[in-house]
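As structure tokens, the structure follows; a few thoughts come after it.
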């Protein structure tokens, strides 16, 4: 059962990813990414990480993707021309992609770490649920937590700086 | 006063004279400069006499002294002092040098009177005398080299005295460079001596040499050969002689003093001085003797055909020095030195007379154009004849005794050395012929235009001076005054100088007549103490046979010259045509200049050109520029990769990662 | 004392920045004169017979890195310091007599250069030496580049390009030297206390393997600086670009730092490598002698004649050092001083010729002696010293060098000496073509002025003085040199040492009085 | 399901994201691809977290999400700014800076 | 399930608090009209306070917030360098076009945010805080680069930086995931333990993790071949930001580079050392040859930064106390040398029409000696000539390299330096050795800078105190530490001792 779910989710994630890079129209790419994200959330659930899965759906598929959709709608999603101005890019990029995958896969599969080949240890109930994660966030990872909040603030400021129409305002 | 003190004074006066005249060239009136120059040399001569007397007052065995002023450069085991060595040989040389120099200064006093560079001339001349005396008195091989080089430089300065004349400057350069080659020989010899004997000092070296070296060992042979390089360069022996004829570009007193009487005999002195070494290396000594012989013959042939008056005399100088070198190399030390002395007298005289004549010819030196000066310039002619007689070894003159003594010694030594006697006489015959060739071509006959003018008006109305070699007008800013002051008849100092020398040339030989007296030999004998060669003495019979043969040959030579140049003046031309190749060879100076040009000068210039045009540009600069270009090319590559496409940056980043990851995977265990 | 000598020029230079443009030249002259005075005082108080470091200063500077501020004077550098002080007075005075653009910067840089150069000579800490060695270039970079001559119109390159070439070229060696110097200290410390002090490094010694590459790094720096054959590519352009006052000191002193470096650093610190590579360096030296000479007699630009002749002369000096004999090195030190003393006035004369004729090409000059006999005479003395006329101190220098070489490697000596003959030709040619021969139309000939005389005459007097009494240098140099050379020789195999011994020494060895310590 | 499946999948996603960046010219799509890469990292983190049995990886993943969101926000802001300047939204046209 | 409140050492985190408060205050000041002009002042105060608080913690190492951070002398010294650079940046940003475009408050708060990221990064001892800090450093910089909104180049640089930077971050993250997976720990020490415990020495999983982490860090420190953003972004960004970025980013990234590779990955030294050394060598070559012939000074400095990063990476490669100290020393020296140059560029860019083109400094020697001298000193120092801090820095680095048996890398540094002379001295030559430019200020020929979005020319910009002051100060310090380096050496040796002592 788990295997089936995994493969379904995996195909969804991978299909979504391929969709992102294959779609001509950015709008469809965004949609493909949403598929990808939901599939990922499913995978997270398979890994008994309920909180992460939830956050994935809420934060990403919810908030971030909405932002994307808006921006795509704002700037318009024109297709790209098929002409490749960089010599060799078309040829080298897939090559490198494959190489990257093989290297990473080899690293994982040839590792002497036995746990990799297993399903993972038995975990207590509550592993990965909001309470556990929340505790970790406020105890051990308090600093990253706080820092990321400041980062969010800064990013918001940045977005305003970049996207606000100050120029016309000043003029 | 001790002999060494006198010797220091001998050195001091010419140096002072040179400096005073040189520094005070603006302030001193011309006459004063001339007087200072002459007097300082005369004082040196007087001090030389002082040294002589001082030496004579001592035991013959103790007649050698060393003295030094200060440590010149003595560290690291090299002990070089500013030291002199006084013994009969050096005093003998001092006397000749200062004596003849005094007369020549006197001559120059008149001769150079209207020259622009009068001060300069006397300063140089005094400096030359100083250098020569330093060479003679030096107490070690380093100081010897110093004197040796100073002399070379003085010679350079005086040859190119009229420095806007390019033939003169070129000749000066030639002389200097060849002299430097000689210096190098000396320096290398000094190194070898130091390496083997651990000292540069004459005293130590001569004392130790017989203990350290075995006869004909390669080192001592090498030392002697290197010394010979020095000697040959300075004494114009084959093949390093080519500078001497060119040196005639200098003013005539210079030719007279330096290139006849003193400097060129330095090689003879050197061999005599280092005879201890040469006796240990008989091979080297023989080589020297053969070179001397060759030079004497070759130079004589050239002198036979030269049409340039001064150059002809110059070749005769070479030839005579060949005798001396031959003499001192085979062991006839005293005889060699004696010939050196007499040669100084008559050769200086000949040049002086020639200078007078050339002046009358408005610097034209071609004997083909001269004739009839016997009537025009009586005093000059008489002295010229005196000189020529001595040179031709006319019986009774100084050259007669000195030359024959060398040949007699060779005969007495016997064996192989008989060759020297025989060929020496051949040379003597040629000597007589060429010396009287000059006399007969110049003095008798119908006066040429200039001579006639002299007879008519007492002076020559000369045109603007021209360089006889190139024909271009001279730059009179630096000299070349009118001839009237050059003519011996018209200047008392010149006449005095020539007169004294004429007398000496005629009678100078009388101090050493076999069986009658032997002043020179007796005085010099302590120097060759312990030398087996010096002990060889021709018997009286041999001596007189030699003298007899010599006299006959001299007369024969003069006779031939008379026939050729007076009785049948058309004969030389016919001979010339008959012996065309030989004449061409002689007239072209045996092609020595050409050979040197071909073997040394041209390759050097070709290498220089190659270095300059090719090597420097393509290799040295090419290396730099090539590196720079490579680096710049690499920069171009980097800039090309930096294409501005962000996706290409991403590509490189990922490629870099892939590479790095690959490395790590490969290195993982 | 050492510190005073070192910093005096810089102090004057800095103060000079606050003076009006007009006065700054004379102020700089004063500064160099004071430095000279201090150097003379040091020389007078110098203990002649000793090889020990005198007037030593030793303070920690960067203690974390083991670098000390360590100065001192001994026989090796005493006269080089004097030479530096003398030539800088000459060069600066020469410039002060003439109008200079941006005078303040010019003289400031000149004085900085003096401090840097003195520093290189005085430093007794390896790193301090490297530092000053590199620092020397900086002021000259500006002097050459900003006040230099643009030769792009006559087939050459611009001053800034020439000076860039020079600095890149010379720094190639210097930077490698920096690495090598650090490696020396680190390897010598071997985990212990790190120090760059030459005295301490002297005692430690390095393994043969590391000596080898370190030796070449140092050699590269020094050979480029000299410059040696094949590494002289920067020289022609830089010499042609350089402003003459700067060139006077540059040619006179800077090349010597390279040679000095061999004596001060390479021989004592890397004795095994020195012995091992002796012949290679000698080959380079010989090539420099021959090539420099050949080039010198084909050039017609006076600067290049002097430049290439320096290549040859420095070849002699290197050969002397690498004879690895006491006399060779003694001669080398003497010759460094001599060469500085001749090449500087040579460039003064070049400057005067340029002012008179407007050209630097000897084929366009000639016949100047007539109206300028004093100048000609002074020039002649310089030229004769250049060609190592016997009787000059240069002769003694070369004599010692060649004698050393003769004892060590006789074949090299024979080849090297041919350079002497060539030097006679090119030096005399330089004199003849300018002073003698026909005077080209329209050429002005003028006697040397009083002010230039004040520069040239003392320099010539130095030449003459040394010619009369070279012992003054030799006797002070010898103890230090003996120590340096002994350091190298003690690592030689016994038989080769025996071969190069003098007669007395050999006798002593045979009699057992002297033992060869392997 | 053994953990290495998850990891290999994440590697595949990572490579896909990288490939997208290399091939696509719209800055928007490139941003999406960056998301893919970060998500691949997240998947690996969560998988490893499951494997080692502690929640640290999950916390990391959550924080990465926040950061990814920040990047997106800034990226989109830039895209808007560029759009405003009427520069074509094509990264290949942004090459004033090069060489 | 009880909640264990983490212990907070408020003294230790006081610098962070100061910065955070600073960010908020500066942001708030932008809201009200009268306080809008206060932003630079407030920023300076925040920076000064942070610096003061950091110095207060000097020589008192402690671990903060449940092992997320470690405040030791390495962190402090690096933070101080970053803060100093930020301070210079604030001064140079006065009257900068970008601050007006972005709004002074926003601009400065972003700057402070980036500084916060740096301070955090220098202290990070945990993968999560490491990653967060790195992003806190980077994201504000992406924005700041683009703040000169009217210039296409500025936007371009921002986007490029963002894209490539995010790839770097993603790679780093993935690597961290592997390391976490292999060891089950996120704190550095735990990673080291995990490797040992799980017997993962030289395991591909760990090694790939290291490789990916190295790539991420190499990207931040501009190590070739991950450097390509550097010249473009340096050139496109507003010059004060470039100055800040060039020094501070590098400093912070090197700090974590050192800490991460020492504490977490020290046991894998044999595996990563040669790789990093190779990267250093490549950087040296690429950076130096790339800088040749660049006409844009900022771009040239960008390439030179690549090369300098290569030199500095040597300090990481040897992984020793002296390596660390030398790296910190070099960073400090590098800060001053670079700032002097950038100050001059800022001034010239505002007063000439040539922007940051090398033509802008032609004849500077006579025109504005007070700017020419700092730039000259800066160039000489970057080239490593003596009597500047640059020389001592190189000396220190080389010493560390030789001690660490990486002499060949030292030789590479020497060779790189030789090449670098060609472009550094080109600038010097332009200032002193060419005829002066005949700039008629105000005239706008149709060349670079004449496009409508070009910044207006301020003919006196080069003489304003906030240009000349920083330039002179930085140059003076460069020379000072070149002659009396001992204080800085001691400062740096504390940093080394913090990690290895």
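Note that the chains are named A, B, C, D and E in the order they appear, and that numbering of residues resets to 1 at the start of each chain.
As a working rule, a residue touches a chain if its C-beta (ideal position, glycine included) is under 8 Å from a C-beta of that chain, and two chains touch if they have at least 3 such contacts.
These figures come from a predicted structure and were not determined experimentally.
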item: Touching subunit B and also subunit C, the following chains; value: E
item: Interchain contact steps from subunit C to subunit D (minimum; 1 if touching); value: 2
item: Higher-contact pair (C-beta pairs counted), A-E versus B-E; value: A-E
item: Greatest separation from subunit E - chain, by CA centre; value: B
item: Remotest chain, subunit D as reference, centres from CA atoms; value: B
item: Chain centre separation in whole Å, for subunit E relative to subunit D (CA means); value: 25
item: Cα-centroid distance, subunit C relative to subunit E, in whole angstrom; value: 43
item: Separation of mean Cα positions, subunit B and subunit A [Å, integer]; value: 101
item: Centre-of-Cα separation between subunit D and subunit A, whole angstrom; value: 6
item: Junction residues of subunit D - those touching two or more other chains; value: 7, 14, 17-18, 21-23, 25, 47, 49, 51-53, 56, 59, 63, 67, 70-71, 74, 77-79, 81, 91-92, 94-99
item: Touching two or more other chains - residues of subunit B; value: 639, 642-648, 650-651, 654-655, 657, 661, 665, 668
item: Subunit A residues counted as touching two or more neighbouring chains; value: 85-86, 89, 92-93, 96, 100, 103-104, 106-108, 110, 116, 140-141, 144, 148, 151, 154-155, 158, 160-162
item: Full enumeration of touching chain pairs; value: A-B, A-D, A-E, B-C, B-D, B-E, C-E, D-E
item: Complex contacts: residues of subunit B adjacent to subunit E; value: 631-632, 634-635, 637-639, 641-642, 644, 646, 648-650, 652-657, 660-661, 663-665, 667-669
item: Touching residues (chain side subunit D, partner subunit A) in the complex; value: 1-9, 11-20, 22-26, 28-29, 31-33, 35-36, 39, 42-43, 46-47, 49-53, 55-56, 58-59, 61-63, 65-74, 76-81, 83-84, 89-90, 92
item: Parts of subunit E lying in touch with subunit D, wherever the complex brings them together; value: 127-128, 131-132, 135, 139, 142-143, 146, 149-150, 152-153, 155-160, 162-163, 166-167, 169-171, 173-174, 176-178, 180-181, 183-186, 231-233, 235-236, 294, 299
item: Residue ranges of subunit B touching subunit C (in the complex, touch as defined); value: 22, 25, 70-78, 80, 120, 142, 145-146, 148-150, 153, 156, 160, 163-164, 166, 169, 172-173, 176-177, 180-181, 183-184, 187-188, 191-192, 194-198, 475, 477-478, 604-605, 607-609, 611-612, 616, 619-621, 623-624
item: List of subunit E residues in touch with subunit C within their complex; value: 325, 365-366, 380, 384-387, 391-392, 394-396, 398-399, 402-403, 407, 410-411, 413-415, 417-418, 421-422, 425-426, 428-429, 432-434, 485-486, 489-490, 493
